[in-house]
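Each of the two complexes below includes chain A, the first together with chain B, the second together with chain C.
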Partner chain A sequence: MGEGDGDAPGPAPGRRRRVSSRRALLYVVAVLAVLNSFWPLVVMALAGYGIDLAPLFSGKAVSYVAGVPFYSGGIFPSPYYYLFSIFVLGFPRMMLNSFVIASISIAIAMGVGVPVGYILARVDIRGRTLVAYLLLALRAASPFIVIVPLFVTYSSIGLYDTYPGVALAEEMLVLAVVVWMLKGFFEDIPREVYDAATVFCKSEWQVFTRVAMRLVLPGVVVTALFAFVLVWNEFLISETLTGAATKTVAVGVWSGIGETTGVVKSFGWDDLNAAGTLAFVPAVAVMLAIRRYLARGFSLGQAR
Partner chain B sequence: MVAIRVEDVWKSYGDDAVLEGVTFEVPDGEFAVLLGPSGCGKTTLLRCIAGLEKVRSGRIYIGGELANDLPPVERDIAMVFQGFSLFPTMDVLENIAFPLRIRGAARQAADERVREIAKTLSIEHLLEKLPKELSGGEQQRVAIGRAIARQPKAFLMDEPLSNLDAPLRAQLRSELKRIQRDLGVTTLYVTHDQAEALALADKIGVLNRGTLLQYGPPQDLFQAPSSAFVARFLGDPQANILNVSLRSGGQPPAYAIVGDGFTLSIPEALGRAVERHAGRGLQVSIRPEEIALSAAPPQGDSVQATVALDEPLTLYRLVTVRPGGGPAGIKVLVAKDARVEAGQGVWLRFDSSKLHFFDRETGRLVV
Partner chain C sequence: MAKFWYLFFVPLFALLSVVEFYPIAESVYLSLVGTGGGLQPSNYVAMVNDSAFWNSVNISLLYSMTSTFIAVGLGLGLAFLLTENLRGRGVLEAFYVVPLAVAPIVVGTLWSPPEMWDDIQTFLHFILGQPYFNELSPAFFFPVMAYSEAWEWGPLIMLVALSVISSTPRAVYESAELYGASGLRKFRRVTLPIVMRSPVMRFVIVLRFMDAMRAFEIPQTWASWVSSTTAVGSPVDTLSLFLYKLMFIPTYNFPIGLISAVAVSLFLVSLAAAALMLGLVRTIGGR
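On to the complex of A and B.
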């Protein structure tokens, strides 16, 4: 109860207090929102060091993960699990697998996607809208629909557990995204630039290579790296089509690392979290690397 | 030799006819301007000639060759656009050199040529800059330079000056005319600005709703408009277009036109010519500079009017008068130092040979 409540000559202090409390509320909400997004990452990264946050909340050293009692040993920070993942469980090999598979599939997807995106954006052919939406429909379909036929046929044609086989399957998954992103970048080039190119170039091919490609180069880089991250993190296809030779990190993390693990070991949450953190790092690194291009790429239209 | 010839060209988007049987030709080396309000089809026509769009029917000849099915590059034309059409990732030098390099010119030869062109356009100091670092006027100079580098049979220009502010527009307009004269390249230029058209053109074509209303030398269109639309569109200030009817009587018949608040007798020959159309509604056009205004009753036939508005322009004053005190306004151009004030009674004299009669419904010329 403020003393100036009744004959308030200055409602200012009251309003000011209300504004600042509203602002405090805003901060609380913001922090909660950030925590909501990053909580899994925080828990994962810390657990990889053997830091179990569960006792902090439950007060017990034993936590129940999906009904199974799990003793983490409390809080004993140590890089052991990271080193264990790297040196014992063959983690570098899985990183390499992921890298090779993602690279091959992105190379194919870009090789197909750049010309297709250009054609869909620019060349007036009958049925181009149909093609664009068919691609989108492919993307909308559940990956399971794709996986079963692939699993069945891959084994018999010798593509199961091979780099080209897995890469090809991943490429099918990202192609729609790649084409639609590139189509957008090509459409962002002003019409008069296309007109000028058409008037001055000797062929449509030159319009594409000498003018359009140079303009969308940042967009091409963004698309490739974005697709790279998608494939890097992809789980379902990799889980089904890779074996011991080509297992990717996304699969490795989930299976409790490596083929050597037994039933008990598969609940080695600390290893798993350390591995998860390691798998996560390259994806984040790529996103950070392209963030300048992301802004540039997504604003091509205004890049006058 | 005829550089550009357009024969009975039709074009439509879906059910909307955009061009309805347009026919005209631009002789070699001439500067022709297509003039019309926005949406009249002038830009579409230019794009059809460039090959950026296909016509529904009709023929387009460039340099005597039927161009209908030729892709833009084989039409041997260069185009300057209204908006931003430079290649954003290339600097000015690369932009101007583009048409040369793409045809396999060696870098050094191309660079030399670019420097020559840049000199005539006074943009030598900009060669290393990117388009986004240039002002609108500089960008258009570069676009013109790029068109020159192409060494085409014809220039096509789509409102190249309309995004610039007035002083720059006037300056670049003069330069454009000089360059066109120097190079002697056939030019077809599209604009909605009648002053620009009059300043640049050897021939003007006025387009409205997909129809070419009149095509010829500017003075012809100015002095003998074929329709009320052309009469109104050309000239600044605009021509007066007045609804009138014809009155005749007596022996031999004396003719007069009757408008809102005025009656004006006209010569017998003119009256007879107009009479054939007298049943239908008539419009008459008279330019503001072709009406004589005096403060005292003049000799001969005149119309009495009251001054309603006086607008001083730079060289003249534009006076709006109401004949017979009626509501109709007639604009008259008077000398800068003339003593005219609102409310004053004045007398107008018309030179009947400067009057043009149009059918009120079709807008076509009657006499």
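On to the complex of A and C.
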């Protein structure tokens, strides 16, 4: 991507005017697309800071919720809601929970997945394709077929609302991604490197540990970061299997901050925005850092 | 080759047994245990006769189809913009991929009524003199829900399209330019067929459709807005939300047989999607 962009033929003299207005239109559309992608996040971050922009239009902000006009917001900048989320609603604790759960499940997935990724990429043994396909096929399973029995089992053996319990359950999300991403990274190492390594190393095992493992290390880091964001953002599994003690960030954003059932949410909206902002900022930062690999991660290693 | 490599499948299958095989087997078993004990298909009969179940099947299908369709459109549009040699292409691309990193539950919140719609309502009402529109009518919130889903995943389609484009020989595009095709026309006639025919893109679209079929977070946020958190059968009940409500709304008494029956049926259907995906992986394969 990105190479060879500079060779567009120059416009013919007679078409210059039309072409340049066409370019201008393209830039307008490109900026509108930026607003589409980014503006909702800006609105959330501002709302968490007590700023609602609607009064700029009218002097008051009106929403129309449940059939009645609903006056909200205004421009009252204040870090109160962020501080409230952090110091009162226990946001750091949720971040710690997410971090611990993600770390455990990534550690397990890596321990199991690195050799398997290598086998799928490099070692010609029978049944490896089957294993690769099995992992993909299991990715297709709806989480509920797993969550319901796990919920029941966890409740009876005391794994409900514990770090290892949730971290294990997250494997259904993480494992296939990790294995298939690593498979890709092992395949990215040029064949010549493997050939040379085979000459210098005593055994296949040494090719793996001495050469492939070292070269694939950046790929392992990328995979871990990607998996981290997956777990950080995951809602359904953690909502079901965590309670007060291990509530994760994604769950906390929604249910930790004043969900009651059956009532329209007209409370705690600014807190929810502050918490939502605190939740998306680290995820966006990590994802932007590894953005070259996002297609690979989200397509389970299929797109390069 | 060396047999010891098989040892590494042992922990893999141990892990899969705990988090996949055992729960799936347990679900199948639970779905077959009847009310009076003994194995019988009564839960499946109950499922087929449950109108709330069919309601959520319809909603999930409609939701997945609309959101996947919009996501593909959005992603291809963004990919087109990024192939037009605009200045600051890298910055644009960085902005465009941001939604991929946002948690779905936050996406649901971002697009809910008081977030942006109150700005828009106020603008339309006070500046343009329009009457307020009702944010809680299905004709409004269903497209918004589908769009939020597409907003998050359109960038993935964009990234995949870009990777397909960059892996196609440039000669293909250059010959199109030679014939005088430019801009949108070139994109539609040359790039689009290449992108849409590539197995990678098809794989991602199937994956996206399948994931949208079990969408949970965005409908969950809207369930709260449209006051349908206490009963099944509402216009936001996707299959996942339906199952979640059966699990957690106390009045339903945790009907584990019915829940398992629905989950198992979904699993069987999703195996069909998996088969489709595996076929595409074989085409992509050889790597």
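Note that the second predicted complex is superposed on the first by the 245 of 304 C-alpha atoms of A that agree within 3 Å, B and C clash if a C-alpha of one lies under 4 Å from a C-alpha of the other, contacts with A are read in each partner's own complex, and residues count from 1 in each chain.
Operating definition for what follows: contacts are C-beta pairs under 8 Å (C-beta built on N, C-alpha and C of every residue); 3 or more make two chains touch, one makes a residue touch a chain.
Owing to the predicted nature of the structure, the values given are computational and were not obtained by experimental measurement.
A.B. asks: Once the shared chain is lined up, is A:214 touching chain B (first), chain C (second), both, or neither of them?
C.D. replies: In the superposed model, A:214 contacts chain B only, not chain C.
A.B. asks: Which partner does A:243 contact after superposing on A: first (chain B), second (chain C), both, neither?
C.D. replies: The answer is neither, since A:243 touches no partner chain.
A.B. asks: Where does A:291 make contact in the superposed view: on chain B (first), on chain C (second), on both, or on neither?
C.D. replies: Second partner only, chain C.
A.B. asks: Can A:37 be said to touch chain B (first), chain C (second), both, or neither?
C.D. replies: Touch status of A:37: second partner only.
A.B. asks: Mind telling me which of the two, chain B or chain C, contacts the most residues of chain A?
C.D. replies: C
A.B. asks: Which partner does A:196 contact after superposing on A: first (chain B), second (chain C), both, neither?
C.D. replies: first
A.B. asks: Applying the touch criterion given at the start, work out whether A:79 contacts chain B, chain C, both or neither, answering first, second, both or neither.
C.D. replies: neither
A.B. asks: With the two structures laid over each other on chain A, which partner does A:158 touch: chain B (first), chain C (second), both, or neither?
C.D. replies: A:158 sits against neither chain B nor chain C.
A.B. asks: On the A-aligned overlay, A:206 touches which partner chain: chain B = first, chain C = second, or both, or neither?
C.D. replies: First partner only.
A.B. asks: So which bits of chain A does chain B touch that chain C touches too?
C.D. replies: Common to the two interfaces on chain A: residues 203, 303-304.
A.B. asks: In the complex, go through chain A and note every residue touching chain B.
C.D. replies: 190, 192-193, 195-203, 206, 210-211, 214-215, 303-304
A.B. asks: Residues of chain C touching chain A in their complex?
C.D. replies: Against chain A, the touching part of chain C is residues 1-6, 8-9, 11-12, 15-16, 18-20, 22-24, 26-27, 30, 77-78, 81, 84-86, 89-90, 92-106, 109-111, 113-119, 121-123, 125-127, 132-136, 151, 155-156, 159-160, 162-164, 166-167, 170, 177, 183, 200, 203-204, 207, 210, 213-214, 216-217, 220-221, 224-225, 227, 229-230, 239-240, 243-244, 247, 249, 256, 259-260, 262-264, 266-267, 270-271, 273-275, 277-278, 280-281, 284, 287.
A.B. asks: Which stretch or stretches of chain B touch chain A in the complex?
C.D. replies: Chain B reaches chain A through residues 47, 50-52, 72-73, 77-79, 81-90, 98-99, 102-103, 131-132, 143, 146, 150.
A.B. asks: With touch defined as at the start, can you tell me which chain A residues reach chain C in the complex?
C.D. replies: 1-2, 4-6, 8-9, 22, 26-27, 29-30, 33-34, 36-41, 43-44, 47, 52-55, 57-58, 60-67, 69-70, 72-73, 108, 111-113, 115-116, 119, 123-125, 127, 131, 133-134, 136-153, 168-169, 171-172, 175, 184, 187, 203-205, 229, 232-236, 240, 249-251, 253-254, 259, 261-265, 269, 272-273, 276, 279-280, 283-284, 286-288, 291, 294-295, 298-300, 302-304
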